[in-house]
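What follows is a group of structures, each given as structure tokens.
You will see chain A twice below: alongside chain B first, and alongside chain C after that.
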Partner chain A sequence: MTRTLGCGAILRGTVVFASITSLIAGPALAAPPVDLSKWSPDYVRSIAGTEEFDTAAACGKVTPLDYKGRLTFWYQGVFEGDPDLLRQYYKDFFETFRKTYPNIQLEEQALTYNDLLDKFRTALLGNAAPMAVRLQILGGTEFASKGYLQPLKPEDVGWATEDFWPGAMKAVTWDGVTYGIPTNNETMAFIWNADIFKRAGLDPDKAPATWDDVVKYSKQIHDKLGIAGYGLVARKNAGNTPYRFMPQLWGYGGGVFDEADPSPTYGEVRLNSEASKRALQASYDMYVRDKSVPVSALTNQQADNQPLFLGGQLGMMISHPSDYNVMLDLQKKATGSDKDKAQTVIDNMRYGLIPTGPDGKRAVVFGGSNIHILKPEYVDGGKVDEPAAKALICFWTSPEWSLKMAYAGSNPGNLNGFKTKWMKERLDNIKFLDVTTSMLPYGIPFPALPESPEIMNIIIPDMLQNALTGAMSVDQAAEDAAKNVEDLKGGGGL
Partner chain B sequence: MTSVTGQANAPRRPGPARAGTLRNVWQHRADYAYVLPAIVVMLIVIAYPIYYTVDLSFYTTPPSLQLRDKIFVGFDNYQAILTSEVFWRVTWNTLIWTFLSTVLSFALGFATALALHRDFIGRGILRAILIIPWVISAVAASYIWKWIYHSDFGVIGAILVGLGIADRPPNFIDSVGTVLPSLIVVNIWREFPFAMIMIMAGLQTVPDQLLSAAKVDGASAWQRFWHVTFPHLRNVSTVTVLLLAVANFNSFIIPWIMTGGGPSNASHIWITHIYELAFGRQRWGVASAYSVLLFLILMTIGYFYVRALSGDKKKDREA
Partner chain C sequence: MAETSTARARPRKRVDRWRWAGRIFLGLMLLYTAVPMVWMLLTSIKSGFAAMQLPPQWWPAEPTLASYQKLLDPQNSVGADFLHFFWNSLIVSTLTTILGVIVAVPAAYAFSRFRFPGRNFLFFAVLLRNMFPAVIFLVPLFILMRWLGLVNSHGSLVVTYLTFGLPLSIWLLKGFYDNIPIQLEQAARIDGATRFQAFLKIVMPLSVPGIIATAIYSFIGAWNEYIYAYTFLNRNDQLTLPVGIQRFFSENTTDFPGLMAASFMMSVPVVVLFLVLQKYFVRALTEGAVKH
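Now for the complex of A and B:
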């Protein structure tokens, strides 16, 4: 399989990084363990395997290894779209934690990305929350602003704030106080099937350079081969939708607010700007005008695109590097001629940088998850075993486990994870990882506002669905969404 | 309630005198003591939530505030709902959903029950097969139907394309025009066995002698059905329709799992919309006001329905 991220792309990435660093950099920080200004696939390779870390020893300084206690813990776990490799690492993590802290009675519960927020909110209303929770990056600010979370910074569990991406730390900070620690941070990449490109008359080794090209390529693939070109996702209440649409919105120069600017203030709503409308128009063109994307995009999520891609029925999509492993897992389950067909797709799988907007702006969601400790009054039983919670958090956010738990699909929240031997092993084993790590500098965090979950999970998908179903024109859908954001910020609206 | 003291059947004294009422209560103290635990439970699990919902409907809860920090806004939530275009669209969806699901489930269940009431080989097996949609989990059924309807690689689409009937798979649940009818079909498929069982039970109560007598008198099959069988099924039919209507007004699983109320709110019905407002968007105040409105609407329908039912019984007694 060919790695298609050429030197040019890497060079461009490094150059663009210099101007984008401000998007993810925080105010005057002590030196981080890695040099963010040198970030490139080569740099990541050069630091991999250069340092040893002893997780048990480090966490033993935070909570003694013989500590006796009890911890309830909810986390966003693996789901149907994740590879088996990740399932194994989750299993290993809990086994190792129990072995390291044999006297901590851990009661963990895994929930899917789409269910976690609703269930957690409901539990909080009944003061029945777990003692600690690992939430998607979008959720931290909401719960911190409401006063549910205890202040918690990396230093509280033996790490340094500088060990984590500055952009990720912003997502766990509310009103100047830190309420959590990032476990992993991710940026996705653009995936395509070289064989489909070739058969459609496109350059098989070249990803579309711009979002306008994506629209063109998608149409060409559909017209020539009768299959879906681009894996659009516009389902409501599904994290997959904003993760795929926001890069397009930002690429065209739009945004919900000014979150893509170097110093966002989240004051002005920009969903109805001309740039935002152009981004929405691109989706409209693919879905309505060209009919070149899956019709089921309105009810689908990425897990539904994966079998389409593997079946050779989809030309392009945005996803994690883990999708390569997912394809391998799915291929193992295929039988007869389907197995060979799937192998052909895997052999032709290519990863590249996410396309730019018309002005050369490249952007991707700076995603991930954070881990938090709840205040006792909201916890089932009214007590929080802090040492037990800190032991688990130290474990998960350690260089070793923050890397292993993000092995196939993401990146370690703790930057020291990039220096571990497992990172070196990962770079050798996980195809296309360097492409997604190359996207990290282009990452833009979701607005760090309590309203963000509703904006990303409801208002953005609603805007897409209103335009794509013809319920509203593109202009009306954008104006309606902008009004909904204004109303939401004003505390009203339906 | 059955009297256990022998006092319940004592003649009631007319008149509103307070002393008389208290004496009456005292005389029936054993009866009241028996129902007290049930009343306490009802107050806790029904009356308090209703009170709390009504109270909450006068407050707003911005995303940055906890529920306990809610802000009083009077009738603003009610105004917001009643002036919202989405509310009226969702209301229309709910009425269509409830009416068509109830009427068609009942009609199909009624027809099936009549067909299965006759003796034929394999009747028991067929009856068991037809009950399957009702006994399987609604969640599992919703996922299965989602795949059957899938707009790109659904079973129906594949068959239609394979047979050359369609060029591309029909769009069932990704179109604002077809999503609600498609979900109603699933709901009817799920519910008609319930109506079938109820009517089959009702059919057991129709006296054979009456049917035989009508036959001897020369009544046709239709006349025997209309003048003998149907009147005996009136009460069970009324109860069945009521239960179906209440269940359909309160439907959640099928629309929520299959479409989440989308696309573009085209399959949102009251309950899914309230759920989204409360748990997806944390608009507890608006969701409560919405629930209060729904409660009032259902109570009004229920009142007229029960009144009509009581009127029918009164007529029966007079006849």
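Now for the complex of A and C:
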């Protein structure tokens, strides 16, 4: 940590403080398996590799290992662009499950990130959904509120509610009932190119402290080097956009509702607050006033920032934990002089905490995925094999597999995963992992509302695009977005 | 005399100028269409890192066929999937093409030759479907396919593609039949042929270019279709190529060389088919468009 931030003690202090204020704000629960109030890179390291877990034995108590059944299952898969390591773990998971439950006929379907929700919605309309589904964190409340999902809590598959992040459990709770189990949770971090910082006259080992600094640094990089400073993304209907704008919005003290408060009620729309407008103004300043971000930002998603970053044409961006491993894979597969060039980029990569707002507020989207069981009437064939579904869910949310399936790109949903030997191995092998895990306590879940996917994937990007294209002023764009949220909550469509 | 020769030479010069302008225009059009294909091919032989370089490596510094080897290796999980998707696309597209021709040929013939009540209305009703975007029919067709028990089967795609491909096929073929003089059939009938024999032995051979054009059109439509294949098929072993190619996009990154190699290989059958049969395709489009 000190290698990137140069101030370990301060970091640990702020992380612990953030842990206490944000995590303890969850519902009153029995003691979790790890002490969240002590959360720090050192603490995570100290608990890693301290406990052994037997997944087959634990899941055998939920569904007997000789159970005979059939399960259809959809999930956001890992594909060609994902790190090799992660793809191998997914392969291992399904092989191990089939070996452990040889009599369960599993028909799994991997879907891409941007298509899963639309495909799932269409299947539900035709009562042809799978028996179980693993969705992005945003999806749970939407489908629970519409009555598609069966109640499902960690205890149903042999785990305890306290085994999971309180914030993650909020995302699977609708109207007081739990409808799913978190499989993995992650927070993003800030990544920059030290060489670009140096050439632009900035401290190469110091991330911008505040979002105002990001605007300033971005302009400085652009003015001095003629390249993009900050990797703004504003594409519509792509999950990457809210994951990168909401930390800025919350950092400035704004929000869609009061989701950044310790006990949110989601009653009052705050997209048109002065704080929210300041956050939008920062994006406007970078895109329109300073022209210091990629001109293609309006249609960019994170995958479009990567080539810019790799090519030394982008100074800094909010980064997914998997980015470092993606770069390593690209370096490994490069040949000749490209190999050295790739190594130079990797050597210049720096990870740090996401900047704060003007009042020192640091925030990041608490992301991840959840797993759910469908009601029989929406499933192809009209039947759900619950024991088979629970066997798979127990497996995936176990300390072992919730860690392995999140090895390179996320963190285990089951907190016990942090105690496994594989976590210790990760900490030793994955550079910067301590930075991304350090952001976890700053994580704010998206509002646990059925309208959240529409708000985050459509209204927020629309607001950005309206302001950045000049179709509306910053004030008008914020007011328009607030009105759209009010209308949506009032039952109106968009 | 001299004046006459100058006067004769002038138009020739003008023609030459136009010809050159035409050539330049065609050259630009060729560049416009060929550059993306060349870029696709060049990207497919780069490493993942080289493909992401900015400014771009116009010519790969370290060319590699790794993406093609991976895609064509059935032992590799990526290759096994790709080849399977390729095979599925081939089955669906071929079936759609064959069935499309079998239905479109008699339908177009009937519209061309028979006079019956509601003929014009029916003909335009057939074309009506093409006036709406395909996505409008997505959910209703999905529910219909589920009711028919066709979801998760290639049959759902074949039936759907037929409904989309038939209107233009019928329209194209009707135009073609309209241009075949009816007197040829009448002569055959006088010589003792039945209507079916006249159709089979006189009209069919003359309409081969039109049928081939229709077949190419159906094949390309089915080969490239994405949204219905994506919605109707929920099993990995059933997916077609356009859906399979999506797998090169991940949440936070894209495998550009793999994507380009797969896209290039996907375009090969269509390009080969078109190159081999293009004279028929062009003939059918031009002949069907003009009434003699």
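We take it that the second predicted complex is superposed on the first by the 459 of 494 C-alpha atoms of A that agree within 3 Å, B and C clash if a C-alpha of one lies under 4 Å from a C-alpha of the other, contacts with A are read in each partner's own complex, and residues count from 1 in each chain.
As a working rule, contacts are C-beta pairs under 8 Å (C-beta built on N, C-alpha and C of every residue); 3 or more make two chains touch, one makes a residue touch a chain.
Keep in mind it's a predicted model, so treat the numbers as computed, not measured.
Using the contact criterion defined above for the overlaid structures, shared-chain residue A:Val326 touches chain C, although it does not reach chain B. With both structures placed on the common chain, the touch criterion links A:Leu310 to chain C but leaves chain B unconnected.
In the superposition on chain A, A:Leu125 makes contact with both chain B and chain C. Of the two partner chains, chain B is the only one touched by A:Pro450; chain C is not. Which of chain B and chain C touches more residues of chain A is settled by the count: it is C.
In the superposition on chain A, A:Lys146 makes contact with chain B only, not with chain C. By the document's definition of touching, of the two partners only chain B reaches A:Leu298; chain C does not. Contact with neither chain B nor chain C is seen for A:Ala478 once the two complexes are overlaid on the shared chain.
In the superposition on chain A, contact is made by A:Asn237 with chain B only, not with chain C. When the shared chain is aligned, no partner comes close enough to touch A:Val384: not chain B, not chain C. Chain A residues 122, 125, 308, 313 lie at the interface with chain B in one structure and with chain C in the other.
Per the touch definition, chain B reaches chain A in the complex via residues 60, 62-67, 71, 76, 80-81, 84, 86-87, 146, 150-153, 169, 171, 173-176, 258-266, 276-277, 279-283, 286.
Across the interface of their complex, chain A is touched by residues 47-55, 61-62, 64, 66, 77-78, 138-139, 142-143, 145-146, 151-152, 230-231, 234-236, 246-255, 258-259 of chain C.
Interface residues of chain A facing chain B in the complex, by the touch rule stated above, are 118, 121-122, 125, 142, 145-148, 228, 234-237, 294-299, 308, 313, 450-451, 454, 457-458, 461-462, 465-466, 468-472, 488, 491-494. On the chain A side of its complex with chain C, the touching residues are 72, 74, 76-82, 91, 107-110, 112-115, 119, 122-123, 125-128, 130, 239-240, 302-303, 306-308, 310-313, 320, 322-323, 326, 329-331, 333-339, 341-342, 380, 409.
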